[in-house]
Every structure is written in C-alpha cells, then in structure tokens.
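Shared between the two complexes below is subunit A, which has subunit B as its partner in the first and subunit C in the second.
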Partner chain A sequence: MSDDVIQVESLSKTYKVSEREAGFGAAMRSFFRRKFKDVEAVKRVSFNIQPGEIVGFLGPNGAGKTTTLKMLSGLLNPTEGRAHVLGFTPWELKPAYLRSMTLVMGQRNRLSWDIPAADSFLLNQAIYRIPDDEYKTTLKELDDLLELGPLLKKPVRNLSLGERMKCEIAAGLLHRPKVLFLDEPTIGLDITGQARIREFLREYNHRTGATILLTSHYMADVTALCERIIIIHHGQLKYDGGLANLSRRIAPFKLIGVLLAEPAAYSLAHYGTPVENEEDADKHYIQVPAGDVAGITARMLAELPIHDITIADPPIETVIERAFNE
Partner chain B sequence: MLKIYQRLWQVNWAEYWQYRANMLMYLLYWLISPIVYLAVWTSIANAKGSVNGLTANDFIAYYMTLLVVDQLTSNIIIHIFAYKVQDGSLSSELIRPAHPMLTNTFMNNLASKALNLLVFIPVWGVLWLLYQPDFSAVTALNLLIAALAMLLGFLVSFLLSAAITSLAFWTTRVYSVHEFYFAISLLFSGQFVPLQLMPQFIQTAAQFLPFQLFLYFPIQIILGKLSTAQIAQGFLSGVIWLAVAWLLFRWVWREGVKRYSAVGA
Partner chain C sequence: MHIFKLLKTFLQVNIQMSLAYRADTVVNMLLNLMWLGWELLSLSIIFANTNTLGGWGPGELITLLGVFRMVNTLMSAFIWPNTEKFNASVRDGSFDYNLLMPVDSMFLVTFSRITVWRAWEMLLAIGLLVSGISISRDLISLPGFLGFLLLVISGMLIIYSLWIVLIALTFWFTKFDNNVTILQALMDAGRYPISVYPVWLRIIVTFIIPIGVATTIPVQALRGELAGPQVLLFAGVGVIGFWLASRVWRAGVKRYSGASS
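Take a look at the complex of A and B:
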C-alpha cells in the first residue's frame, strides 16, 4: 500500500443502453421486446494520485471522463475493477467518505434554484456537520477568494451562469473536502471568470493541500493548473504523465509562421504541412518535424520574400488531438 | 441530526412557498374524490334511509374525518422523487452524507403537508358548515390514540411508497406500478367505501393489509367505533407493517442505488 489518495485499478463501466429505431412501429416492438446494447464507457483504467496533486483529466466528448469521475465520487457502481479514495470504496457511499470529498459538475446544480445560495449553504452546514465557527471561517475565506458577497442573498435562479458557478463551487467546498472531483468547473464562463476559478483552485490547493482531479474543455485550465495529465479516449487510458513530457513524446514537430510580401505567389506546401492558426491569422503556418526546423527555416529565408518569421511549439489542443488518434 | 431536519424544513418550506398557487390547485384536485364519495354516499343513504345500517350522518362523519386523516397520512413521494432518478438530478443528493429519502424527501413531504393544511382547514370548515357532521362520539382520548395511529399510518405509507418509488432505479414505468398500488390502496384503505360495507372476505383481507392503517383504522378510532381489543390488534398490525415496510425499503433502496446510472452531465 502506498500513501496515494486515489487508487484506481482496472476500473470498467459498461452501460446497458436500450436502443430502438425511430417511428411508431419500432416503439411498439420495443415495448414488448427491448433490445439492449452494451456500451463500454470505461475500460480497465488504472492510475494513482498522490496527496496534493492537481491532475487534469482529458479526452474528447464521450471518452469516459465523466463516468470515471462519477465512479470515483460514488455515484456509479463500476462493472468491474476497484478504486480506493482516501481508503474508502467510493460507491459504498459511506458518510465519512462523502464528508471528505466533493464532486462539482459544471452542468449540474446542487444549489436549490428557488432560494438564495446562503440558505443552501446553511443546509450544507447541517448536512456536513460543520461547527459554527469553522463554517464562518470557511465562508469568509471562500468569500474572499471568489467574491461572493451580495450573490449569496439572491435566489439562485436570478444569478448569471458565472455567478452561479462560483456559488456552486463554494457550496461544494464548505466542508473543506480533501479530494475534489471537478467536472468542467469553468464551462460557460468568460475568460475572466475562468481565470478567477483557476486562481481560486490553485490557491485552495495551496492552502489546504487538497487533491484535485479535474476535467475541462479549456486547455488553459489544464496548462495553468496541472503538472500531470491523464488522457482517456474510447474509455481507455492513453497517457498518464507530465504535460511537457507529453508534447515532447508525441509531438516532435514545430510550427513555422511566416509573413510574406506576396502570399499568393508562393506555395508553402513543399516546405511542410500548412496548418491554420487562429491566434495569428496574418501569418501562414506550416508544421515541420522538430529536427528539420533549422534546415527548412534557412531554405525559406533564402527562397521567399519573408517580412517576419516565428518558430513555435504546437498548441496543446493539437498535441492531444494527435494522442487521441494514435 | 435534528439540525439537518430543521434546515431541510426551512429550505423545503421556502421552495413550496414559491409555488403556493400550484400547491393550491394540486390540493383541490386531491380533495375532489373524497368529497365526491361524501356527496354520493350521503345522498344514497338519504334516499334509502340507510345503507347496511349506516345513515347519512354516519357517512358524513366518516368522510369528514377521512378528509383530515388523508391529509395527515398520505405522501407525495412518487411525484417528488421518481423523476430525480430518471433525469439524474438525484446525483447531488446521493453524494451528500444524508439519506435522500429519509431526510430531504421526508421533510419535503412534511413541508407540503403544512402548506396544504393552510388551505385545507378553511375548505374543511366550509364543508363542516354545509354538512353539519355529528361528532358527538369523538373524545379527547380517541383523538390522542388516533394521533398515534395516524403517525404509524403515515410512516408505513411513507416507507411503502418510498420502496415502490425506488423501483424507478429499475424502470421508467414506475408511475404505472405506483398507480396500481394506489388503486388497491383506495379499495382497502376505506376511501371508496367505508370498509364495513365491503364483503366479509375483503374486510378480512383488509385487516392483514397495511392500507387500512392509512385511513380506516384512524377514522374508526376517532369516531369511537372500535373496542380496545380491536385498537390493540390494529396497532400490532401497524407495528409489524412498519418493520416490514422498513426492511423492504432498505432492501429496494440498496439494490436500486447500485443501478443508478446518474444520467445527464
């Protein structure tokens, strides 16, 4: 046994999904005889996470990220395999376990829609048995970090998405969980909102030493917070390691961007693979093997009317995209 | 633990208060059928003098009492819980260290009862003026015993409905199953007809079933129709059913939660 906070061993989840064709006839047939299809959402995934780590959990839609988080938080029973979080088997739903972890889902609310968040917070205080003074201190801290202030007094239905998310996160952290499962915590937020949540999570991790496993569609979340990432695709673990290491391992190529005097007159295709780069639309970009950068750059400078040239690492989205399609 | 119930009460009450107009409509709908039975049986008894020895006054007293007992012992679990399993909104409750059915759903039922009573009492008052029920046999002691019987009836009814509603973990057709249960309950609880008018074998069956605990048993206690022995027998049956309902609920819940698929995000 190690001192890992999270231990996942060959965890698998197969959903039985009833399927039927569209239309009335199919509906009648399925009433009497339903057809089921097995969907393997997670296949024998194993990993360990140490105390205080912030791990990014990545993969395209439907890869099995959320299913894994749901198993680790105890919502779902796995079909096979084992998991221990803080020494508990999550899906036994032991109160002691539930009191020491949290699951925050960006698209789900634990706050009641019709009443102010402050009332839901008080309910959580009772449910998680938080002593009054500890509750006050924690709420003050969360208020400082997230600037909740007046938001707490308004009915949740009247809050904006970003405001609600801040309250959701605060509600999920009142009991000072040691393990945080965050599913798309910044979804739907603007850039400042995303940055604030990120900043908060880093600070929370720093102050409390909590372990965080988070999924996100925004690469910025991952690059800002996580030194380690786990990638799953089609339910299988594809990568587990450092972010920097990943780009070195599977993306041994660079991007060369050039600003040309007469772009239309030249084709860049025989120097490398042309790619789009939305962040810098003025330049034309090509992708080349990392080892050939010097030679190709020299040739381009000699042969083309170049005003400006940049050499860069590919964006992380591209790196991960390649990992998925391996 | 008490604090959890207290805070859940506040939250659920505040939520219901937002929807008080809906609740009013729902309550009126709920009251229609017992009021119809009251009107129908009273006019039959009036026309014939009596039905199997029950006079119009007996029917009035019976159904006026039933209206109150029904408010106190019934529950709305199927309406407030089943959909949470199906749309996945149970998730956030399931991973809180407080049993979703025995804490939140329980207090939700109490809050809805409290709000209902605010509207129910004046409605009942109007019916009282209209029908002038004869409650001369009602004593304080009867009411006290009946209060205990209603508590027992409410708990049994709550746990049985909770067990049936938990079938939502298996099937989306849980509403039909509950409808079936509800129909049987109408028959054996004494809602359609006072049970003493039923054929003997149904009366015998009713004694062994839990449904009379919800209505007939407390009503008859209030109206002073039962001997001490009959009351003791009713409580014994109630306690046994409470244990059965508890075990049944525990089992269905434990097996059901394993099947929960936490649909949606």
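Take a look at the complex of A and C:
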C-alpha cells in the first residue's frame, strides 16, 4: 500500500458556525452575544488512491466533498486525522508539494480578467519556475488537447464560460502536476463542453499517468471517466469501490423491458414493479430482483404475447441516488 | 534571483493590463499634475506670508512634500490596487489559489497588482525631493543625508507593515473592506510637518499612528535634528514592525485555513 499517491486516514473537519434565529431581535442579540454551533463537515473519512487512478468523488450538496478536496490540496487544516499526498502533508503547504499538485475549482477564477490567458500563463510560468523549453512543450500539448489556439490571445473577460474553463484548466496544468484535484470542472458547461473536458481529462491521464480525484454533479462525467467512485454523505464515507459493483451492492435489481402485442390487455404488475424508462418509451419496464431475472423472463415469455424483450441494469443516476439516501 | 524574475513578470503583465485602459491612464496622469500644481501653489501662498512653518523653511517643506508624495505614490502603485484585489479575492474565494502557489503569499499579495503609470508620479516626487534638498543644501550634512535615506526606507517599511496588519485583519473579520479607508485617513496626516499639530495629536501621529515616521522624521534627520542613536532607533522600529507584520500575516493565513469553507 506504500505506493499509494493519496492516503487519507480518519480525516475530520469541524467548522464553528455562528447561528441565530430569524428576525430583528435575534439579530440584535447575536450582535452582542454570538452563539456558535459545531458543524461536522467531514467525519473520519479514510481512503487510498493509487498512481494513475481517476476517482469520482460523489455526494449531494453539502456532503463534504469540497471540504475534503480543500484539505487534500492544503487549503484547510483538518480537525483530526491524517493525510499524505505524494508523501507530503498537504496543509504544511511545502513549495515542493504545491509544485506537484493542482486544484481546479469550476466556480473560481485563477486567470486575470483584463488580460489574455497567454499572459496569465506567463505569470504562472514565473511562479512555478517552469523552464522555457518545458513550458513551450507543455503549452503545445495542452493546446493540442484542448484546442486553445485563438482563445489564448483574447482577454479572459471576452471568453465564453466553456472557453474560460478550458483556459482555467490549462493554467492549472502548466506545471505538469502529478495529482489533480478537480472540483466540479464541468459546472455550467453545455453538453459538448462537458464532453470535451471529459475527453481531455481521459487523454491527459492516459498520457501523463497523473492521478485525478474529481467531484461532479454530472453523472456522465463520472461514468465516462471513473472506474472507481467514493461516495460521501453527511461527511461520512458511504461507498468506495468500482462503479459496476455499486449497482450490485446498492441496487441489486435489473430492468426488464417488453414490447407487447396488446399492451392494454395485460398487467405487468404481478411480474415486478412497473417503472418509467424515458430512454426507451416504447417498451414497458418492470424492476425485478437481480437473482430472479431468469425465472421471471421465462414466465413472461411463456405467458405474454411478446414482440421484443430487453434486460438492462438500472441507470447509474438511480443507483447513486439510492446510495445517497441509504 | 527568482524574486526579481517574478517582479519583472508581474511588471510586464501589469503594463499590459494598464495598456488595456489607455484613456484612464492619460486622465490620471493629467489629474496628478494638477494636484502637484495645487500643492505647490498652497505652499507658495503660505510662504508669501511667513518664512517658516513650524520652524521649517521652504526647501525643507518641498523636501517633505517630495517624501510625502513618494510614499503616497508607492501606496497608489502597490498598496491600493492590491488591497482592492485582496478584498475581492477573499470575498469570491480566489484567494485560495494564492495560498496554493509555491511563492510566499505576502509577496503575492503585495506585488500582483502594480499601477504602472504611477511611475510618472514617482518622477515628480523625485523632482520635488531633489529641488527641495538643493534649495536647503547649505543646511544639510552627509550623515544627515544618509540618515534621511535610511529613515525613508524604514518609514516605508512601517507603512507597509501597518498595511499588512490591516489587511490581515480581514482573516478574522471576514467583512473588513474599510481597511483601505483607515490607512488613507492616516496617510493624509503626513502632508504637513508633525510640529504644526498640537502635542497630543503629534504623539498619536508619531507613536500610535506611525505615518509621521515615514514623512516628517526622515526630513528631520536631513535637517540634522536627530542624533545617530535616534536614527538607528527609528530604523530599528521599521525592521521590528515588518517582522511583527509578517507574524500577524502568517497567523491570519492559518486562521483562514482553519475557518473558511
């Protein structure tokens, strides 16, 4: 296990948050005597990540994803627990550590608005002490993958959200980090934009062997990129493992879809629970326990006038939603 | 030297930024020239009626005005734009990126914005200094001049330290945009020699609020009013102030990473 790039051991973070009731009186009281409440954002979370892995970090809003990423990148000190990334303790903020990792936050800007991204890149080159030839090679590579070309010369404020995100990501990768923490890198982008960033991350991981830990609200990001996912909810680790296993563990059921000759004449309810499936509206779908698929299918084929039949896994969104609510 | 290379890049980037706002730059340069005219006019009105102001002659006052303007220029070139950027970056969270850069965060906060066209004002200030000193050159000795230089640097260090402490307070009181206003108010007290103020105000200006240190005291050294140990004492205050300020800054950053979300 010693070759793990990221090691997290019962990491916890508790915030002190001032709180008050609504209303004027409460506001006055709180001005003079403030009440604080402890909020446990992350509770004893542990996991390890190996070099070159792309891991999806999932959880509903407020689950503690960003807090964990901030601790791993070194921005936040944990209340308890330990973490090692590339052998460093992140919150010591050692320059050698900062030079070998990056944090990209989809909702925050690192580039200056008034100047073209190319100029901000030069600033990063100076800050990260990137030698000229290495800088040129990296920039060319990023340009190939992200098609930055003309974007680099326009002031950042004139770029579209998707274009800006491409530049933000490139800015975060100029120093060739070995570990990437990505917090919602595709937020607010349209489908093509999301797909492009996704494609880029896959290719980047492939070429450089960088380790990537990313959070996202878009399941497509996760299903396309991550073989492994970590789910946290209310600050606690709920699941850590393969995407495929998750269905088996959290939602051990399958969907059977049938196209019937006379749909109205038959009720499917006594074979399984009827469910909607928007992707395939022609068929009628039922949900059945995974172990009973063979038996139920055989009965349906014998008893019903079936034109066509499909057996499918439940959509990953449903599975993850179940995992959150478990 | 990495630091100088970084400064050079910051300067280049900032020159490009100010070139993006040409009209702004020209208007500001003209306005500044008008202000200088106004200040010289008020001085000449004062000296039409009297020979000294609080015991200071015209050459010394022009020197004082030069130091005041130089300090002010450095503040307008570095401190004000960076305060603005700092406050905004704490508010919108992009300060996080500053902390994650492999460069001292205090350095980044001080130099990432530079109002480049202020170099013009710097020239004016140096012009005032040179002419002030040459008007009263009969009164100036070499040790006095060296003490003056030392104290100008120390005075700037004190103002800088005060600024660092003020903006670091933002880490404790998340909403503290007034940090600029406070420093600006303190700065304006340095325009006239400390001795024109009543004693109680003089004490505040010298000790509690060390702006006078940055303007009047160097010129006092130039006039030969300060003994060697006094000069060293004031210079030491600058160094200690800077050390304290960087401690406060570190504590603030620590506090930021303990509390932000």
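The rule is short, and it goes like this: the second predicted complex is superposed on the first by the 291 of 326 C-alpha atoms of A that agree within 3 Å, B and C clash if a C-alpha of one lies under 4 Å from a C-alpha of the other, contacts with A are read in each partner's own complex, and residues count from 1 in each chain.
Just so we're on the same page, a residue touches a chain if its C-beta (ideal position, glycine included) is under 8 Å from a C-beta of that chain, and two chains touch if they have at least 3 such contacts.
Everything quoted here is computed from the prediction, not taken from an experiment.
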Which term applies to subunit B and subunit C once both are placed on subunit A by superposition, clash or fit?
clash
Between subunit B and subunit C, whom does A:P95 touch in the aligned arrangement: first, second, both, or neither?
both
Check the residue A:L103 against both partner chains and state whether it touches subunit B (first), subunit C (second), both, or neither.
both
Does subunit B (first) or subunit C (second) touch A:A41, or do both, or does neither?
second
Quick check on the superposed pair: does A:L75 touch subunit B, subunit C, both, or neither? Answer first, second, both or neither.
both
Can A:D183 be said to touch subunit B (first), subunit C (second), both, or neither?
first
Contact-wise, after the overlay, does A:I127 reach subunit B, subunit C, both or neither (first, second, both, neither)?
both
Shared subunit A footprint, subunit B vs subunit C, residue numbers 15, 66, 70, 73-77, 91, 93, 95-96, 98-99, 103, 105, 107-110, 112, 114-115, 119-120, 122-123, 125-128
Quick one: which bits of subunit B touch subunit A in the complex? Just the residue numbers, please.
3-4, 6-8, 10-11, 14-15, 18-19, 88-89, 91-92, 94-98, 103, 257-262, 264-265
Touch list for subunit A against partner subunit C, complex:
15-16, 41, 66-67, 70, 73-77, 91, 93, 95-96, 98-99, 103, 105, 107-110, 112, 114-115, 119-120, 122-123, 125-129, 155
Residues of subunit A touching subunit B in the complex
15, 66, 70, 73-77, 91, 93, 95-96, 98-99, 103, 105-110, 112, 114-115, 119-120, 122-128, 183-184
Complex interface listing, subunit C residues touching subunit A
2, 5-6, 8-10, 12-13, 16-17, 20-21, 92-94, 96-97, 99-103, 254, 257-261
